[in-house]
Structures are given as structure tokens and as C-alpha cells.
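Paired with chain B in one complex and with chain C in the other, chain A is shared by the two complexes that follow.
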Partner chain A sequence: MMSMESPTEETTGRSEPIITVRNLQTAFFTDKEVIRAVDGVDFDIRPSETVGIVGESGSGKSVTARSIMGLVESPGRVLNGSSIRFQHTETVREFARRFPGRTVDLGALESEYDPAELFAHNAIDATPEAFGYDDASEATLTDFVGTGYGEALGLEADDCVFVTEGSTDEPRDGFVEITRLSGKPLRAMRGGRIAMVFQDPLTSLNPVYTVGNQIKEALRLHQGLSGNEATREAVDLLEAVGIPDARRRVAEYPHQFSGGMRQRAVIAMALACDPEVLICDEPTTALDVTIQAQILDLLEDLQAERDLAIMFITHDMGVIANVAHRVNVMYAGEIVETADVEPLFADPKHPYTRGLLASIPGRQSGDRLQTIEGNVPTPNEPATYCRFAPRCPEAFADCTEVHPVSLPVNDDVDDHTAACLLYPEDRSTPAAVERHADLDDSISEAGYDDGRTGGEDR
Partner chain B sequence: MSQESTRSEPAVSNDVDVDANATKDEDEDVMVQVRDLRTYYEGGGLFGGTPVKAVDGVSFDIKRGETLGLVGESGCGKTTLGRTLVQLESATGGEILFDGADATELSGAELEEWRRNAQIVFQDPDSSLNDRMTVGEIVREPLDVHDWKTPRERRQRVRELLDTVGLQREHYYRYPHQFSGGQRQRIGIARTLTLEPEFIVLDEPVSALDVSVQAEVINLLEDLQDEFGLTYLFIAHDLSVVRHICDRVAVMYLGHIMELGPTEELFTDPANPYTHSLLSAIPEPDPTVEKERITLHGTPPNPRHPPDGCPFSTRCPARIRPDQYEHLDNELWTRINTLREVLRERERADRTVTDRIREMLGKDPRFGTVGEIFDELFGDQQVPEDVETVLDQVADHVRKNDEATALEILFEAFGSVCESEPPAYYTVSDSGRQSFCHRHDEGYRAPDRVLDERHRQQ
Partner chain C sequence: MTMTFIIIRMGPIDPVSAIIGPEGGAAQRSQIESRLGLNDPLWEQYTSFMWNLITFNLGQSWVIQPGRGVYSLLGTYAPRTLWLGFWSVLIALFVGIPLGFYAGLNPNTTGDYFASFGGIVWRSMPNFWLAVMMLAVLRQSERFFFGLDWHTFGVEIGSLVGQPPLDFFGVTGWTTIGLLSIPSGFYFSGTTLAASIKQVLPAAIVLGSASMGSEMRIGRTAVLETINSNYVETAKAKGLSNRIIVWKHVFRNALIPLVPIITNEAFVLIGGSVIVEVVFSINGLGYLFFQAAVQGDLPLVGSLMFIFVLLIVGMNIFQDFLYTILDPRVGYER
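Let's turn to the complex of A and B:
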């Protein structure tokens, strides 16, 4: 299914990511303040893999999902420097065919520009570190077009399909940059390639249309099916998500469905266009445990059948332990820890993850439950220090001075990272602090000074 | 398996057991006695119609100073039971004895006086506080209503209470929107404490809160219980919270208590098949645990039309099967159950005139044909001959739109005591734990053995 190469990919035995999120920043501009709901988030989603995102309410989980879906509404917007790449050759081919005017051959651009020199360009305020490189020569053109600096390279505002191999007529490889999508290609991507299941099935279904009608709407818009053909497809979909007597059900209204059935219907709707990626935003939070178990089983089956890449958002650590292969823990707009599910639960590193796990009843000994004092802060300023420090039981003086970046927790692993000054744990704390400080200085200059034209030479 | 069919009289009948419990009053300080409590919601129509039996014959005791947990899926009647206990709903039948006096008989001034003693904390701190009143006014309102001492003393008392629940005295003049979810729930708790009640119903007090905040509120509730000697009825659907805070637990399903006993015992060695299923559905926050999940099929039945026999019989994983079909494949049994559910739903679903005309004209009817349903359910199954004969008969009747007879035939072939007679309460342990299931009768094998055989061997 995937046949692309990426120089940064480690040999982890995993397939290539289908969605690559880099330095995603989504902010809401209100009269009073700028709320940085998502503030520099990196992660990958791979086919047939479930990526979990956990965190308390207000940590930015849902805004991350909405950014990927292109559903962030004014006064919110995804800031320059953010990149969400959808890397799926088939999609690139289809989009290049349907939207030739918005397709760009990166190979041709590469002959015009040298990535390493672009850092000195007037309209570009990024640094190599912001892209995750130590040296400017490692940067590729892909990094620039994907992060909102495309205009500096002479791209038009609505270019969004990028071909890295082959020509624009005959693309062999490439990606779609979701942050640059708008209009038709955005609608083709949303629902067609990436579908979303929301928390409350009752509010995501329209009460005045039959369930069948709503599924048929998706089929009509994305696959051009109508009439009996669409009805038959809708019935098949309802059967696929385990709704018995689907022929009768398809003509019923949402209120005639029970809570679990409604969520199944919503999932059927999301699957209508055979998407590559399914984003589930707390899909079982409103359901009972026995129904939750049914829905989790269903998602697992569907993933196996269809090679779905699933992004699963929840605040329930129990659910995450059951469904996710990889977990990102979010706090105040940042990912504070990333790891495969087993190491994360067996050996949580970030004090916040530890606190979160310890406050689950039944996980600790003793009568009193452990708590994390205080509340999730609203991230309304660029982070200049650790946002968790005021609540952190292990905070020390430097925590209020230095903003930690995500680093591997020790030298032996590279897929378990934590954004905490205590890590990497095989270095002395002062050395670790220094490394965080170094890395952060360069990133913050690039990432947070949104709107300023950084002219300094490097 | 001959012993399966030799049915003996229940060892303990419903009434006997209640009496036995009542006579224990002397050695245990029982505060609330609930006897055969029923709360029905009448159909609003002109002719009454079938009532919704939200609570349908529930008996239990609450001892002074203990926390009794009440768990169950949404719609099982746990909130209605809680509201009936504090007389926010009036009972249809049965009695609630508070220290020997029947609360259901109270009215007027007596009821108002009694209400000082029984209070309730609601689930959603957003909707249970009036946004136009200051925190002080909200907490003081019960004192005003009951004309408690002088206004000056009232204000003093409110400030003390705010202190008690972990808020600041200065918060008196603030408004609810200035507080976080956890703090708002604290305000709600302070309000219930004003009149120094002895008994508090906690209706899902932490369900709307994040896990770390949830831990704080639970700790607070435990502290208050110690300090004021409170008695709690703790309603929740989160079983891990219940396990942490409750002394005894009642498991509810469709208006009935299925199992009632000491918490640890009930969690480690459940007796009732429903408790088994509910416990196995909780996702453990530990990815290494390979849990033998018993996935329940379908959803709880409509409480307007509960099953004739055991309320759980439609979904029970340990249902008693007729001898001759005992060793049918599990999957086939599931399909037969699904067929029965489909037929039941169809029996109640209305056919519109258009549906009938379409059916008569043989035009793509909304109710899928019998053939389709049977194909979907049994197409991939090895169906033994005797089962096949029954299914053919059923199909004949469904074709004639006579679901009632079809259901009768199904029941005759595959039904058992579970569907025909309500079970009795059996005492299943030395601590007096009770379970509502036919399987505890001597004539049948115990539920856990059956569950092991049917669901845990694979």
C-alpha cells in the first residue's frame, strides 16, 4: 500500500507513516488573549496502527484532531510553520489528476532553490532545529513547502499537492499538505480520505433525517452514488458495523437507535468513503462499559479488515491501554511523553504521566488517592518554561527557567521521548538542562515569533 | 446433563430473604431500609399506556456510616432509585424506612423537615448550580429555606463550609462560572452539607470530572464522611471508583438489583453473570493484561417492555439452555439470540401504509425479506437438522408477518426457565451476598463454571 522512502525513517520495522504531523501550532485569537491550544506537536500515524492521544480536558487533544480534519474555525487558525503531510501515493495520484492547477513538482523546484540557503531567506524565519535537524544542510525543500513558507518559494496560495517523484501528470510519490488545503481538495480529503467519529453520537447525527439518508449523503458527495445503489451500499455498511436487520434500520431515525447503535451508525458513516485514516474523538466516553467494549471490538475488527490508521483520543487510560499501539500524552497544548503502549504503562517517565496513572482508583495502594494539585493552565503565552512545573512534584529551580523539548528518555531507546528536564536520564541533570535550553532557544526563535519577519542571518 | 432439567424450588424465596434481613436490625445499625420499592413512569397518553418500570421491586438496607455503591448501565434505573430515596420522585409502591419511619408517606411540613436529613449531590456541576447566584447565595439557600438561625450566623456557617470543602472563604462573592469543574462540584457538596444531613445520595458526583480532579473530590468525600459520620449512597457507572470508595455494592440492571454484597468480595469473586460481564468489560489501565472479556451482545431491553423472566435473560452469557441444544456452537446461539431480538423489534415497529403497499407490490420493501435476514445470520453457520426445522417454521411465520407466533416457536424450542420465570435472590456467600439468578439453584451449574466453559476456554 505504501511505497515511499523517507530518509528520517528509523528501521523500527514499522510501515511508513501515512500522516506526519510536524510542529503543529493552532491558536485561537480572542480579543483578550491568544490561546495556544496546540503548541508545537509532532507525531506520526501509520496504516493499521492506532495512535492514542491522552490528556485531561483542555490539553488540546480535540483541537489537534480538528486541525488534521481542517475543522478549526475562526477565531482559531493553524499557524505558519505547522505541517501535516498526508503521504499516500494513490491519493496524490488522484488529487494530481483532479486538481492539476494545484499540483507542484518538487523536483523542479529543487533545481531552483538550495534548501540549506533558504534559512537565510528574508521571508523565512525558521531554523534547522525547528525541523528537527542539527545542521542546515540536512533540511529538504519538503520541510519548507510544508510549513507555510511556500510563498517564499514562489508557490501560489492554493498549491497543496506535492510530487516528489515522477511528474505532475504521472506522480509516483508525493504528499498532500493538509495545512494548505482549501475548497474542493479540502472537502475531498475530509470525509473521503480522513474521517472522524465524534464523542456524542446524538449530536453528530441529524435528528430530522433517517440514518440511511445521512449515510447516503456521504456516499453521494464522495462516490457519486445515488438511489437504490446508494441504499444498498448503506445497508451493507450498517451490516459491516454489526447492526442487525440493517434493511429496516436504514429507514429509521436516530432517536430509534440506542446509544451504542447510534455510535455504530456514525462509524458506518465515517467508513462510507473507505477512508485511509479514522480519527476517533472520545468515541466511547458517552457509552456504558458493556457497549464501550462492543465498540472497541468493532474498531479493532474494522482496522484489521481495512488497514485503517486510527488516531484515538480519550482521557481514559484504561481504554488507551486496550486500543493504542503508540501513545502521546498531551498537557496544555504540548506532547509531554511519547512511547509504545507497553513501556508507557510499565515505566512512565514524565511526572505528569505518572501522576495521571497514579490518580486512577485501583492503581495505588493505601486509602487516599494520589492527586495532581491544581488545574491544567490555559496556554495563552509562548512557553518559556515547563508548563507542568507549577503542579509538578519533582520540579526544581531550572524548571521555571528552561522550556523542555521532547528528547529520548535515555540513550538506549529512541521511540520513548519525554519533554522534561530530568531526561535523558543517563546524563546529569545540569547537562540535561543545558541540552534542553540549547535546543529550545533555537526552536522558540523560529516557532513562536509568528508574524515577525525574522531577518537575522544565520 | 440431566440435572439441568430437574428444577427444584428456589432455596430462598424473595420474601423470606427480606424478612431474614429485617430481623438482623438489632445487631447492625441500619439507617435506611428499602422494601420492594417501585417507581414507574406512566405513559403520558390519554389511556395511560404501558408504564416505564424504572425501578421494579428493589429491597436493600443501608447501614449507618457506610457507603453503598449503586452501579449499572445507563437506563437501568439507578438515578431514579437515588432520586426516589430523597423523595424527588414519588414511589409507585413499596416503602423507604428512615430509622423506622416511611418516607414515602410524608408530605407537607413533615416532608420538608425530613428533607434536612437527606440530601443529594448531582452529576453535572455545570447545570446544578444557578449561574446568576453567587457561591455564597447558592450554599446559603438551604439555610434560608429552612429558616436556620439568624442571617449573620448563616453567612458565618457558609464561610465555614467553604473552608471545609477546600475552597476559600473569599469565594463567597464569586459566581460559579469563575470556578473549574472540580471546584464547582465542591460548591455542590458544600450546599448539601449546610443542614448537616445524615444521609447523602451522590449521583455520579465525579463522572464529569478529569481523573486527577476526580481523585481530589473522592478524597474530599471520604474526609467528610469521617468527619461528620455521613452515610452515602454512591451512584456511579465507573466501577474502579466504586471499588475504591464503597463498602458494599449493589449492581442494578433494568430496574432490578442483580447482586448485592461487600465490595472486595463482589469484585474478586462475582456471582451473578451480569456482574461477571460488567467487570470483564472495564478496560484495565495495563496493556499487558490479556483480559478474558465477555462481550455482551445487544443492548438492554426497553424498560417499557421488560422480558417476562429474568431481566438479563436477553443478553445473559450464562443463560440456561435446553438440554438437547446445550452443546450447540456458541456462535450459533448468538445468532439465534440476534434473530429473536430482530423479531421482537419488528413486532413493535410500526409499518406505515407506504411500507405495506411496497410490500404488497413486492417493491424493495423496507423490512428486508426473511431470506435476507436468515442469510445474514445463518449463511455461514453449520446448522444442525433439528435446529434447521425450527428455523424453517419460524421463517414461515415471519413471511406472514406473524412475529408473535414465530417468537413463540423460538421460545418453545430454545427457551428455558430464564425467559419464563423471574429468578429469586439466593445468598451466595457467608457475608450474606445476594444474587438474582436461576443458576444458583441446586438444579443448575453455577454461573462461573458455565462462563468458564462457554467464554473463557478459547
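Let's turn to the complex of A and C:
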């Protein structure tokens, strides 16, 4: 399931994405089965934009976030073929300076290898279609190094900084491949470049250290501040997230904070190192509605102030409508629909999105609350059919036969895609089914048989 | 303390017959009874017993070493038990807890299984059996350890059993400055210290085995619980290194449930263990207390009981104090 948006993204007039997630597959290997918690997910996050990820519990939202943070733990791992590129020139410069041994000049590599011929390489079991191309000649080296096939190109196992323009000493452009990060650069990325706010503010702070201590810890780590300077910075941060009397509060323990204040403190901690990207994993789920609104306002203000790119995970459609610019709807490890927030809410295409919107209280016509019958299935086998079909009111015979891929919902738009056999809607259904079947067949099942883990020792 | 009095004075134990032995006559008997004040009304005996305890007038032994003061007896017997208890607690602390933390940090690995299984085995071996087995193996150590003889290994010790020599450290002279006496001369013998440690080590291992096992198990659980908590995840997301996460965020939180276990086991330090002391012939407090109790030596039993109670209360206060250091949620205010 590849989106078709990658070649066309420049036409949308947005800024360049800071995080590009391509074909992200994260699986948990248990004794009994392999659970494909995230199964081929593509999306972009752009600076000062909020990307929402919605779905029921168990649809793979949090695992997606953890994969980006490199927090997937054994028995789970990010599979070969997955790519999460962090494209931020300043970061590439800093990383190239700090980790010269792990920096690679892609330009130099390009002269050695021809991407189109690499598909024939023994160690590479990908097909051009898996990268979203119709023809091998369109592929670039970036696709290979980013997706776990770097070793076939003679890269060291821990190379993770790639320079596309300029040299390794003087990079002008490039990216950091998050799936290849480990050790020091991984920790520099976490917190320093991408920060995360977790679901439950009541337990995300260590009860035995003061709030100030925990904020200063991050400041010391990424900005080298200590002593009074760090304390001052911590007080400023607490003030920035709207905690009154911050000077006194900085020396207090988490149990002396209320729930909403703790979440503010956690956000302050996440912002301590001035990250480029903030991942919020259901940050308001444990809070009551008024506090929730305050926290959402706070995030909006912070985004405007600091040009933050925010990835916002929630199961609350109301919250998503409030905060997100772009929405990805996840179901059983796959993104089933992607669109800007207005078109998604005004004209949801995928039956699952419609079901989600219909189950918001106050939105339905009858007396009873509409729900989607059944539960999210555990994705423990490769998808060869539509995973939503058993619960789908519009399912037809082909839904159990053909696995839908993400396609634009009609020929007029390219930034609204849905993974459903009913689309593109301007084709007849049999034609659409055929198109989905064609695209799906060509996508390899690379990565499951062997592979670099990149997850275990993080 | 009242219970001690009731059991000793009103139970079937008769200190007088223990003193005079089977051949004593009735006259001798009544003479001893009146000397010990056993003919006084029971309430009078009780009040004077309690009053003496509260004023720390611990009196003299009746039966075990008649006429010898309890303080002097304590001075002889207590250091042996303290020495034994010190090493057994040390072994439990510095073997049990690190093993438990290791197992908790590497769950479901071979090392974890090995440590956990070992913990259960240590925990379930009864002291009396383990003590006897330990002696049996050490006595024939050449046969089991490829010619390594425990008796002569390192420092030579004459016998496996017996009191450890505690005279490795002593004060030889005192100077007086104003009201304070300050020791001016010391002597220290490394060889005697080594012999002393070697002598007490088998007994300490046996005595510490149970606590070692339980500390290991609880340490493992505590670490596992902490390591899966949200704040550790937050710490990881901050980009902290594993070392800082373990030492700063995991260690301190995992110690909290271990505090009561450790302080409970510190009672071993003073209470000693009758069985281990008997098997290893260490005449310590546990042995003394047992002898005094079966022979109805009321002042000695009462005094020992009183001291144990004071120490237990003190230890509990110390435990609560430790909590306030480790866990800021527990405090004096409010």
C-alpha cells in the first residue's frame, strides 16, 4: 500500500516535509505469531503543521509514534524496507559534525551504483513498485539507503546521516535516517530534535525527583546548561506553558501538581531542547474537558511561536477537528484515509472514517448512538484482503479477495487518498478493484524473513 | 514485657530447680527462693521487674552465670552475634540486591533465569540443613575443591566451628581531655581480622541465604515494575543514556519496596539465630536468650527481650526515616 503522493507533493504548495515516513512496518515477533502493528504506513510531517493520527485502540497509532522515536522494544522491531527520514539541514550539519564516522555522502555513492540496476542485486528483494515507482529507472539511492538495504551498498551498519548536497564536511542538504539510528545519535535525536508527550501525565513524571530536576536533566543533556542557568531556563519554560508561580513550582515534586499542571510540565520538559517535531500521544485523554481545551490552546500557541511540527495522536475526532491540519485515519496498522482536515470532515470517503464520524455523540439522526460493530482485528498475517471488510457496511465480495492500496479518491484531488476498493470514485468499481489488485500484487513482502533490526538495543 | 513476665513466672519453668540441680534439699530451696525474692507477692515482683527495666537497671543473671551482671554478659555475647549478623546482612545486601537488579534489567534472559532459580533455591533451603551441609563440605574441602583445604586456605584457622576471634582491634590507652576520654593507642591485626572473617563467613552465608533469596526476588520485581513505568519511557524519550536511566530513575524507585525487607532482615543482626549459632558453636545472643528462656532466668530473659524490643522500635523509626529520604511523597509536614 503505497501512496501516490510522493512524486506529486511539490504541487501542493506546502513547505518541504521535515519527517517523511515511507512504508513503515513495525512488527512484534511473539512465540505464537507475528503481529504487524504498523503495516506499511506513509505520511509526512511539515514544519508548523499538525498531523493528526486517529483510529480506535489497537490500530497502531502509538506504535507509529514509538517507531519514529526509536522506542520500539523487543520483541518488536522496525522491519527492513521501512524508512523514516528526518530532513532538516541544520540537524544534518550538526550530526555530520558530531558523528563524522557515521556520515555518508550520497553523491559519491551515486557515482558508484546505478539505482536502476540495484533491483537485480542479490541482497535486495525490493521491487520498484515497493518504492512507489512504475519503473526501475525512477528509483534513487535515497530509497535504498533509507529502507534497510544500505548494507548491500557497502554502508556500515551504523551509518545514519546522509548528505545529498555538498560534502560530508560541508553539508548543504541531506537527511537523517531514523530507522538506522542507534546509540548516541539516536539519543541526540530523541528529545533534542523530536520530543514526545505521553498519554498519562500522572505517571510520566518520576515521583522522586522535582519537576525542575527533570526539566534540567533534558537541558543539561541537549543544551549543556547547568546550575543557575538551567534553573532559570526551567522557570522560563514552566512560565511558557502557563504554570503560575513557576519560580516556586520548579522546586516542587510531581505529586504537588494537579493533572493539568503535570501535563503542562511534561510539555515544558519536551520543549526544553527546542525540538523541531513534537509527538503528542493522546496528551489530553486523561484530562477533563476544560483542561483538555487549555492544553490544546497551549499547543497551538507553542506551535505558532516555535514553528513546531506536531504529530497528534488521539481517538477523539472532536480533538482532531480542533488541532490538526492534516489527518491520517489508521485502522489495524494501515492508514485507510488521508486528507486535509476540512475535506475529511466534510466529505469522508472511507467507510471506516464515516463510521468514526457517525459515532460522535450528537451527530446522528436516530435515538441510539451509532457505533461500528465489532473490534479492531489483530493484524497477525500479511494483508491480502481489506482488514475492515468484516465490519464494513459497504463490503462486497472482492473486499475479502483484494487488498486495497491508498489511491486518490478521484482524479481531481491528489492529497485526499483512501485505501478502499470503492475508490477512485470516477472509475467503475470493477476497474477500481483491478487497479488495487495490480498495485498490491507488485508490492513485495520484504523484510519479514531476515533483517537488520534497528530496534532491540534502543 | 508483661507477657515475658507472665510466661516465665507463671509458666511451668522453675528457675530454682535449675539453679540447685536434682540433688538440692528443701531448705536450700527456700533459701534461694527468698534470696531471689520469689516469695514476695506476685504483683510486687511484677512492679519491681517492670520498674527495673524502665530505669535500665537490668540486674544479674539468676541461672546461667549466677551473680554476673546482664550488662557484662551482653558485653561478652553481643559482639559475636553482631559480627555474624553484620556479615550475613552484608552478603544479603551486596549479593542479593545486585543479582535481583541484574535479573530485573535483563528479564527473561539466561542470566535472569539462573539468578531467579538460584534465588528460589537459596530461599527454600532450611538453615539447619544448609548449616550442616556447609560444615560437611568444608571439612572435606580437599576432596570437593581439588585439593584446596579450607582450613589452611588464606589464613589458617584451627576449627571450622567456634567463636570468631574478635580481638583484631583494640584500644590500648586512653587520654583524658577535660571530661572526654579519647582513645590514644590502637592496635590492629590484619591476620586476626582475616581469620575472624573466615571463621564467621560460612555461618553468615547460611544465615544470610534466606534474606539473600528474598531480596533478590523482590529486587527483580521492583526493577521490572519501575522499568516498565511511564516515567522511564519519558526519560528515554528525553534521550537519556541507559546508564543514567538505570542509576537515576530506576534504582531509587526500585529501592522503595526494598526498604522494609532490608530493615526486617537487620533484625537478624541483633536477634541472631539459635540454630546457626548452635551448629557453628558461636555463643551469641540467640544462644544466650534460648538458654535463659528454658531455664527461667527471668532478669536475663526480660533484659534481652527489652533490648530486642527497643532495637526493633528503633529500627522501625529508622525505616520510616529512610522512606522520607527515598520518597519525597512521604514527609513530616502536614
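Assume the second predicted complex is superposed on the first by the 434 of 458 C-alpha atoms of A that agree within 3 Å, B and C clash if a C-alpha of one lies under 4 Å from a C-alpha of the other, contacts with A are read in each partner's own complex, and residues count from 1 in each chain.
What we mean here is this: a contact is a pair of C-beta atoms (placed from the backbone, for glycine too) under 8 Å apart; a residue touches a chain by one contact, two chains touch by 3 or more.
Note that the coordinates shown come from a computational prediction; the quantities given were computed from them, not determined experimentally.
Colleague: Please indicate which partner A:D288 is in contact with in the superposed arrangement: first for chain B, second for chain C, both, or neither.
Modeller: A:D288 sits against chain B, while chain C stays out of touch.
Colleague: Counting residues of chain A touched by each partner, does chain B or chain C come out ahead?
Modeller: B
Colleague: Is A:G192 touching the first partner chain B, the second partner chain C, both, or neither of them?
Modeller: Only chain C is touched by A:G192; chain B is not.
Colleague: Scan A:A437 for contacts with chain B and chain C and give back first, second, both or neither.
Modeller: So A:A437 meets neither chain B nor chain C here.
Colleague: Which holds for A:G355: it touches chain B only (first), chain C only (second), both, or neither?
Modeller: first
Colleague: Check the residue A:A321 against both partner chains and state whether it touches chain B (first), chain C (second), both, or neither.
Modeller: First partner only, chain B.
Colleague: Contact residues on chain C for chain A in the complex?
Modeller: 229-231, 233-241, 244, 248-249, 252-253, 326-329
Colleague: Quick one: which bits of chain B touch chain A in the complex? Just the residue numbers, please.
Modeller: So the residues of chain B in touch with chain A come to 73-74, 180-182, 210-216, 218-219, 222, 237, 239-241, 243-245, 277-278, 281-288, 293, 295-297, 299, 338, 341-342, 345-346, 349, 364-368, 372-373, 376-377.
Colleague: Within the complex, which stretch of chain A touches chain B?
Modeller: By the definition above, chain A touches chain B via 56-57, 228, 235, 239, 244-248, 251, 258-261, 288-294, 296-297, 315-322, 341-342, 345-346, 355-357, 359-363, 367-372, 375-376.
Colleague: Mind pulling up the chain A residues that touch chain C in the complex?
Modeller: My answer: residues 69, 71, 186-192, 195-196, 198-200, 203-210, 217-218, 221-222, 253, 255, 266, 269-270, 273.
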